[in-house]
Structure formats: structure tokens, C-alpha cells
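In the two complexes that follow, subunit A is the common piece, with subunit B as its partner first and subunit C second.
Moving on to the complex of A and B:
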């Protein structure tokens, strides 16, 4: 069976891009600042709800809001899709506005969520944030006016819906990759900046950082706002890909997928996160029966192949934690101009492990 | 002495002609023999995607049963095609959608990447609406075996649905509840698109048409302990006034249903009223005395009553159950009422391809309503309406009872006529 790359590559690229942003945001919060934000899916869902609610309602108004068609049902969604197809400017503009709105709302909610982070640490903070994520999901499922509750809110068009079939998904995948690349560069610059070094100092010894006059609670609040804003952007990108908001999508598994990518790739190493996200995206694909079908293998195993994915994922994590506890790519020194100059002065024979910058 | 050179023998013309004739005959004979032993025309295999959730809170127990039912249909069709000497075969490609919109979308993209044009799935309405635009723009036919929500009813799309929408079942059940003299109903439902959708339809119909009164409580589908929700249901029933005019409606699946019954049997209020259930409640697990004697006693005492879109003991259903049991001895298709629809969905998908004569989304889409028109399956008639959803046939009412051998079963006692919307009790 031949593989149709025009379907496969956009799928893998979009999935990789969205998860990369999510994992990068977790890496900034946990890897650099030591804040285990296991409620990541909540901020992801905030972005998805914001983008979905804004886009569908504005499009509905622009399309004339037909009174005899149900806004939240498939016929209403079809009207929004048709409008987007014939109005490229409108949907592209809405996409940009939604993305920005998601980032701002996500960051604001993240800053609010930082309050428990000021009082709690480690496992307790993680548990509280998991609970926040679940509370958000339950709220989304029950509050139908926002995004249809358990029915979901369909009809969030692909920003490139006006392109021919298949080209729309390919164009969107490229856009997601471009945004993910931008987020990656942002994360790298942020973590190598003085603020990034401050985060590391808070992570390694909050008391010591405070003694040096650093405002640790403020730093934690800022990084949770930044990370949550990034997660919300990932959620907004997700909703334009799936083309509907569906409360049941925002399950804790999404948070743990981001955690897995970071642990696998290497905590506090953005290159590692990149590797982790790519690796997990591929593992997710190659452990599915459809992969065998693409290879031309018509084999029905005596067990459910779909469950192998979970086993393989678990096994990989266990193996990595056993043999490479710091991940595939361990944390490196900060990359600043001063550090580069200092390293260039040393001869190879005298290069030492750079001292950790705790400024 | 001169030596005479040996004479070269000349070939006579008749000899040459004879050799040519012999060669032609031998060649012809060899060619004919080769033809006799030639392989059959090259086999063509058409993939049928099985985008069916087999993990996640909602479908981890139901999903595998439904997927296997679809695979059974594919195996049966292949056996029949082989017996008929047809070069056509079908290959089921399962892909777990995880019961989420995201998972369903990704699943359809993966299947499309593998060249799949016809898919059985997805299961829920939320998943179905998520893939709607993708399948319409890429001309991929999807036949959902269990999406019943009215939110996905759209004309002229590439989504077909083997079960009817929830509307006729809600009409039938509200009419039955009212005709049995109940005016107040406490409802407990699973908070997903199926549970919430059916609860809304029933409540609206029961209150506006029959002047009834309802109080409802929902529960999270991933919750393991439903004591609080069942306690709230009990309070609601007391508020309505537990008595001969008050009943309970439960909209659940298997695991959550068992949990609800287990909690309700300890509650004196809930044990004193009659219980009704959605079609998803006709499950053999609730009558398994060996495994759960307390639950069986409770549903018998509560006289659990509901509807189903096809009668039990129809010969096609029975044949399906037997074939399923033979192929998957460790699984029971009756544990998932929608396994019957999965079987029929796969049959419709394959018959659509065969009728179209080519593996093409547009052609198959055009043929499926035609094929469905005259198809009677394990879940009854599959004739479709303008939205590509099965037209509701008559519904059969069942209740829990004991047979002559004191064995628990779902006894059928009435029929709801879809055409006339009338209820007929069996004599």
C-alpha cells in the first residue's frame, strides 16, 4: 500500500509543532524554574476555548447569523466553513486575532495560577495544578454557552480553507512549524537571558536567590504567565487544526505527553525538547496498525496493536530514566556572549565544566 | 586418388512444412497448457478503515467489541468473495481514535495517508463533527456505527450513520413512560454527547408533550465512584415524591451502569421506584447473575425497561452473535448493543464499494444510500434519510424478567411504530 504523503506529512508536522510548543512551555516552567505545571492542559484548553469562541462567533456574525440554523450544530459549522472559504482575508485576520487573544488570556490565567505556586512547592504544586486542569475540563463540559459543553463547538475553519483540498492542511502545517520555530527561538533566548539565569537560580536554591536580592515569587509568576501563554497559543493552533472545540479533548494525558517529551529529551535543554517531541510524534505513528498497512503488511496480531503504543512509551521512559536520567541531551551551560568569549580563551586542554551562573 | 566430398543432404520441402506445422502445434499446445495453469487475475485489496476508539474513558470496554464486529463482517465478506472466485478482498485497518475529536481527526488523516477512502467510524457525535469538514473536502466516506446526536445531521455530506438519531427513541420512551402512568422522572445520565443529548430530548418531550416533571443529575464518565451522584438522584426522586407515579431514567453504558445499580440498590427510595433505561442499557452484563447477583436482583426488582431499535432474536442478529462468539470466544457482542451497528456499518461500506465497482469516495458515497435501502442487517433496516442517517424503524420495548426456567432475560412487550408514532402493547 502506497503512502500518501500529502496527508501524512501535514499530520505529523502539525502534531509535532503543537506538541513542541507545549513541551517548550513546560520545559521553561519546570526545567528552568522548577515549577511542575502538570495542569498544562488547562492553559492549553484556555487558548483553545478563546480561539474557538472568538472565531466561531465573529464568523457567524459576518456570515449573517441565519436565525433558522443552529449555531453550535453541524449545519451552522458548514455555514462558517463556507464563509471562510470565500473570504480568505476574514479568516486569516481572525486567526491572527484569536492567536493573540489566546496568548494574552492564557498568560493572564497563568499569572493567576501562580498564586498557589507562591505557597506550594514540588509535588503539592503539581497536584494542585492537575486539579486546576481537571476543574477546567469539568467546567468546559458543563458550561454549554461557551463552547457547546460535551457536544463541542464545530466550525472553526482552517485559516487556509480557501486553498484547494490538501493544500489547506499543508499550508497550515507549515504555519504551525513556523510558529513553533519562533517559539523555540524565543525559549532559547529567554533561557539564556538574565531572566533565564534567574529562573535557574530559583530552581536550584530559592533561598540563596532571595538572599542575593532576587524576587523569586515574581520570577515564578512571570514564568508561569509566559509558559501558560505559550500553551494557550498551542491550544489555539490545535483548535484551528481540529476545527472544533471539544471539552473531552482536554484530558490530563496531554499534560503528561508534554512532560514525557521533556523528560525524554532532557530537562532544561530546548534541543532535548525538540528531540523528545520529534521522537514521541514518530513513536505515536509507527506503533499504530495503519503504519503496518502502509508498509504493505496485512497482519492481524493476536493482541490489540493500539495498546502497544502505551507499552512502548512507558518502556522508553523507564529505559531513559534508568540509563540516561538527564534525558537524551543533558542540561548544558547557559549560552551567553560572555560565556562564549570565556570559552574561547581557554585551550582545549584546560577547558573545565563552566561554572553555573547564578546571577 | 581424388576423394569425393560428402554430399550435403538437402532438406525436402515437405519435411520443412511438417516441422513448421509440428512446431506451431506444439507451441499452441504449450500455450494452451500454460493458460490452464495460469494464476487467477491479480487480487485487488481495498482497505476499510476502522476508526474506532478502543481506549479512553468512554470506549475502552465497548470499543474493542465494536471494532471486532466490523472486522468479523470483513472476514465474512472476504470468505464469501473467495468462495465466489472474486479477485476482490477487503482489509480492515484499525486505528484507535481514543474517543476524542483530536484523535479522530488524526486517525482519519493517518488512514487517508494509507490510501483509505472508506472508513467505519468514528463512534461519537463529537468525533463525527470533528472529521466532517476533512472527509467532505477529501471525499472520504465515513459510516459511523454509533453516532446518534442530532448535531451531526447534515444533508449531502460524506458521513453516514448506521443508527437513527436519538429523536425517535426519545419520543418512544417518553410516550411509554407516560402511557404506563408515570408523570415524574428522576434522570441520571452520563455527561457525554450521547447521555446529555438523549437526556435533553427526553426531558423536552416528556415535559412539553406529556406535561411531565423531571429532575436530573449528570456524572463524569471517568468517575469511578458514583455514590454522590446516585445520592443526588435519590434526593431528586424524594423531591418529586417517590410513589407510583415516579420513575427513574438511567442513561449509561456498562461499567457506569453497574456502579449506579450497585449504589442504588442500597438506597430505599431508589429501590422502591421503577427504572427506565436508554437503549444502551440493554446489556447482558446487567443480567449476569454469576458475576453480579445483587445487580441482577436490583434490575429485576426495578423492572428496568427500555427500547431498542431492532428486535432480539431476529435471525440475522442471531447469526451475527453466533459468528462473533465463534471468532472471539472471550468476548460477548451483547455487552455492546452498538456492536450490531458496527457489523452492519462494515457490511454497508463493503457493499458500497462492490456496488460502485471502484474504490472511489464519490462513487461509494453515491451507492451507499442505494445499497442501504435494501439491506436488512443485524441491527435491522438501514434505509437512510436525506442526512445519510438510518431512518428509524419500529422500536421494540423490553423489560427485565424471568423466563420459564427462572433465567433472567430482556422480555419484549411492546412495539413503537415509527411511521405513526404509536405504541402497541403485545397481547
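Moving on to the complex of A and C:
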């Protein structure tokens, strides 16, 4: 069977872009600020729900909301899809609004959810946030008005639904990559700024940072808001890709995928997130039945292939921590303004440098 | 005396300050004050509560009892960064460097009012770059004065113990303090360099009018520079006066010999 690249490439590219944003957000929080936000999936799901709820409801209203068709079931989804196919402006506009809403709500929830935990030590914070994430999923499952509870909410159109088949996925993949690239540049700028230095000071020694004037809880609140806003954008992008919101997509494995990518690539090294996201995209892909099909292998494994993903993710964390605890790319001296000035600096004669005591 | 002969409020004032750890009374009712521009030595045997006193003044620990005022404002209920904002800066006895940063970056943490530390400015370099360049040049001069220019690009973990100590002190001076509390600034530093650290203290005091409290075990160096020493013993202030008198004081001699 020939591999169909027009199908495969957009799939891999979209997945890579979404994973990259998740990895960048976890790296900012953990790599730079020392806050292991193991509730990443919660903020991801906040963005997913925000995008799904806004897009489906507004489309429903725009499409005339026929009273005899169920909003949450297949016929309702079909009406939304059809409306998006013939109204490019509406769906693109909704996409932009959804993304912005996801970012803002995600950031606000990140700040609030982290608030009681801000004065906790990193490991306690991590545990609190895992619990928050699972609580969020259980809430989403059981609260139908938001996104269909356990049934989920179908009919979130691809923003490019009005393009010919296949072109819509390709266009969307390019858009996701562009957004991920923007996030990458944002993360690099943020971490190379004095704000990044402030984060590192809190990460390395919170007490010393506080004594040197840094409001550590405030800095943690800020970075968790930023990271959560980014994760929420990733969640929104995911929803427009899979075209539905489904509560049980938001399992802790997503948080651990973020951890794996950052630990594998290298903590506090943005280039590492590229490696991590590429790796996770591949693992994700080769552990899906579609991969075997593409290879032309007609084999039903006697187990659920999804478990291979859990296994591989766990195995990678253990192997990396054992053999390369700093990841494939360790934190390097960064290209900050201060480092550049310091590199080219010559001690001027005006600084009366005392005679060196080399003994 | 201030204008009209009214007494100025004390610069730093401690009233019956107490701090205990379990059964240990680390600071046990300290009442004292420091005037603006003074250079005060704080000495005492190991475990007498000197570092704990610094920790309480800088908000690392809240005192169990008593009050601390700095330039007339109560500071004993403030968080460490609020106390720093008022101008109280300290160094640590055991260097607490930022291990994931280079030497120069360590020195750039304390400077005040950095525009680029604000989240809204951080992603827009032109809002903070000029200030950053100036601060970096300042920091590089400070490092050079403390013989750290050769290692300025190294990780903070890659330098020698003595250099860590020098960086610890240099970093504190980058915080533009009004009151600088130095906890054994010369411990582990060659004696020639120890003299230079004290000369830096004298220079900062003369040029910028800083006030210093310096914990120091090297009494032979300390006594050359300070006109007043506080001697602590078992959490209490045992002696407050001129260094020449301290060495004659029977209680002080007892405290040191009784170690």
C-alpha cells in the first residue's frame, strides 16, 4: 500500500505543533521557574472546552438553531459543519475568537488554580495540580451543558472547512505550525529577558531570590498564567483538529507527555522542546493502528496499542533520567543581552583592579 | 540630631526581638539600634544567634516577639522582598548563588526597578535593553573590583569557594542597599583579599553613605575598620561599644573562652 502523504503530513505537522506548544509551556513553568505543573492537561482541557463551547454555540445560533434537531448529536454537528463550509468568514472569525478566549480563560484559570498552591513547594504544587486536572476531567464528563458530558460535543468545524477536501487539513496544519512558531519565539524572548532571569532566580533559590527583592509567589503566578494560557491554546487547536470535544481525551497522560518532551529534550532549553515534540509525535503515531495499516501490516495486536504509548512514555522518562539526567540538550549559557555585553567587555583602566593574588 | 535639635529616628531599631527554634532560643530579647552611616561589627561565638538575627531582620523568619523598624517603618511583618524594597540587603554566610546562572547573571538579579522584569515589557526588548546594558556594565565593574572578571561568563557552580564568597558579597552590593548586612564576608577568602573586601566596605560607605552591619570571625581585620562592635552570646547582646573595650570586657572574654 502506498503511503498517502497528503494525509500523513498534515496529521504529523498538526500533532507536532500542538505538542510543541505544550512542551514550551511546561518548559517555561518547570525548566525556567521550577514549577512542575503536572496538571497541564487541565489547562489544555480548559482551552478545548472554551473553544468547543463558543464555536458550537455561536455557529448554532448563526445557522438558525432548528428546534427539532439535537444540538449535541450527529445531525446538529452536520448543520454546523455545513454552515462552516459555506461561511469562511464566520468560521475563521470564530476560530480567532475561540483561540483568544482560550488563551485568556486559560491564563486566568492558571492564575486562580495555582493561587492557593503558590506558597507550596514545587512537589506539593505538582500533586495538587494532578488532582486539579483529574477533577476537571471528571467534572467535564459529568456536566452536560458545557460540552456534552460523557457523550462529548461533535461538530467543531475545521476553520478551513470551506477549502476542498485534504486542502483543509493541510491549511490547518500550516496554521498550527505558524502559531507554534510564534509561541516558540515568544518563549525564547521571555526566557532571555530579565523576567526570565527573575524566574530562574526563583527556581534556583527561592529564599535568596526573595531576599534580593523578588516577589516569588507573584512570579510563580505570572508564569503559571502564561503557561496555562499557552496550554489552553494548544487545547483549542486540538479541538479544531479533531472537530469535537470529548472529556476522556483529557487524561493525565497528556501532562506526562509534556514532562517527557521537556525531560527528553533538555530542561530549560527551548531547542530541546523541538526534539521532544518531534519524538512525542512519532511515538504517538507509531502506536496507533493506522501506522500498521500504512505499513501494510495486517496484524491485530492482541493488546490495545494505546498502552504501548504509556509504556514508551514511562520508559523514556526512566532511561533519560538514568543516562542523561539533563536531557539530550542540557541548559546552555544563553544569548542574553547581559551575556553579550559581558563577552565583549574589557576591564577598563578606571577600575583600579587590585593586584591579582594567584598564590 | 536633626534640624531644630530633634532626635532623628534610629535607622534600624530592634526592640526585644526573639526567635526560637524548638527549645533553642537563637535570638533571646535583642534590643539595639544602628545609626545611619555606621559601620558596626557583630561578633560572638559559634551558634550565638548572629545569622539568625540577620534572618529575622531580612524577613527570612518572622520574629516570635518584639519589633523591628527601619527608617521609622515597622518591617517585622513584611515579606523579604518588601524589606529589600525598603533598602535592607544582606549576604549569606554560606553562599546561596543561583546555580543555573552564570556569574554575571547572578550579579544582575538584585538591581532594582528593572523594566524587563515586568511581564508586559519582557517580550519587547527595546523597552529594557538600554537599561540592561547599563546595569551589566555596572555589574561587570563590581565583579572586576572583586577579581571576578575572569570568571564572569562561568556558571556560578564552576568557580572556587573563595570566588563564590566574593560573588555573594558583590551580588549583595548590586542591590543598591541603604543598609547592608554582611554575614562573614571574608570567611574562606585569602587574607589579602579580606582586607580588600573591607576597603570596599569603607569605600561604599564613604561614596554612597551606606550603613553596614558585618558579622565577622576575623577580629584582627574587623577591629581595624569598625568603631563599634556588638557581641552576641546565647541569643543576647552581651556588649555594645568600642572594639578596644570589647577585648577587655570580662563577660566577653568569658563568652569566648567558655566555648
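Just so we're on the same page, the second predicted complex is superposed on the first by the 311 of 359 C-alpha atoms of A that agree within 3 Å, B and C clash if a C-alpha of one lies under 4 Å from a C-alpha of the other, contacts with A are read in each partner's own complex, and residues count from 1 in each chain.
Convention: contacts are C-beta pairs under 8 Å (C-beta built on N, C-alpha and C of every residue); 3 or more make two chains touch, one makes a residue touch a chain.
Because the structure is predicted, anything quoted here is derived from the model rather than measured.
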**Prompt:** Taking the superposition as given, does A:104 touch the first partner, subunit B, the second, subunit C, both, or neither?
**Reply:** neither
**Asked** Looking at the overlay, does A:135 come into contact with subunit B only (first), subunit C only (second), both, or neither?
**Response** neither
**Request:** Could you tell me if A:205 is touching subunit B, subunit C, both of them or neither one (first, second, both, neither)?
**Result:** second
**Message:** Once chain A of both complexes is superposed, is A:194 in touch with subunit B (first), subunit C (second), both, or neither?
**Reply:** second
**Asked** Is A:166 touching the first partner subunit B, the second partner subunit C, both, or neither of them?
**Response** first
**Message:** For A:293, using the defined touch cut-off, is the partner it touches subunit B, subunit C, both, or neither? Pick first, second, both or neither.
**Reply:** first
**Prompt:** Just subunit B (first), just subunit C (second), both, or neither: which does A:318 touch?
**Reply:** neither
**Message:** Quick check on the superposed pair: does A:65 touch subunit B, subunit C, both, or neither? Answer first, second, both or neither.
**Reply:** neither
**Asked** Looking at the overlay, what does A:330 touch: subunit B (first), subunit C (second), both, or neither?
**Response** neither
**Overlapping contact positions on subunit A, where the subunit C interface meets the subunit B interface** = none
**Prompt:** Which of the residues in subunit A come into contact with subunit B in the complex?
**Reply:** 1-5, 7-8, 10-11, 15, 70, 72-75, 77-78, 81, 138, 141-142, 149-152, 154, 157-158, 165-166, 168-169, 238, 241-244, 246, 248-249, 251, 285, 288-290, 293-294, 298, 300, 304-307, 310
**Request:** Using the touch definition up top, name the residues of subunit C that touch subunit A in the complex.
**Result:** 58-60, 79-81, 84-85, 89-90, 92, 96-102, 104-105, 108-110, 112, 114-119, 121-123, 125, 128-129, 132-133, 135-137, 139-141, 144-145, 147, 149, 152-153, 155, 171, 175, 190, 192-193, 196
**Message:** Quick check on the complex: what are the subunit B residues that touch subunit A?
**Reply:** 45, 47, 49, 54-56, 58, 64, 71, 91, 93-96, 99-102, 105-106, 109-115, 125-126, 129-130, 132-134, 137-138, 149-154, 191-193, 195-197, 218, 220
**Item:** Touching residues on subunit A, where the partner in the complex is subunit C
**Value:** 186, 189-190, 193-198, 200-201, 203-205, 207-216, 222, 226, 268, 331, 333, 336-339, 341-343, 345, 347-348, 351-354, 356-357, 359
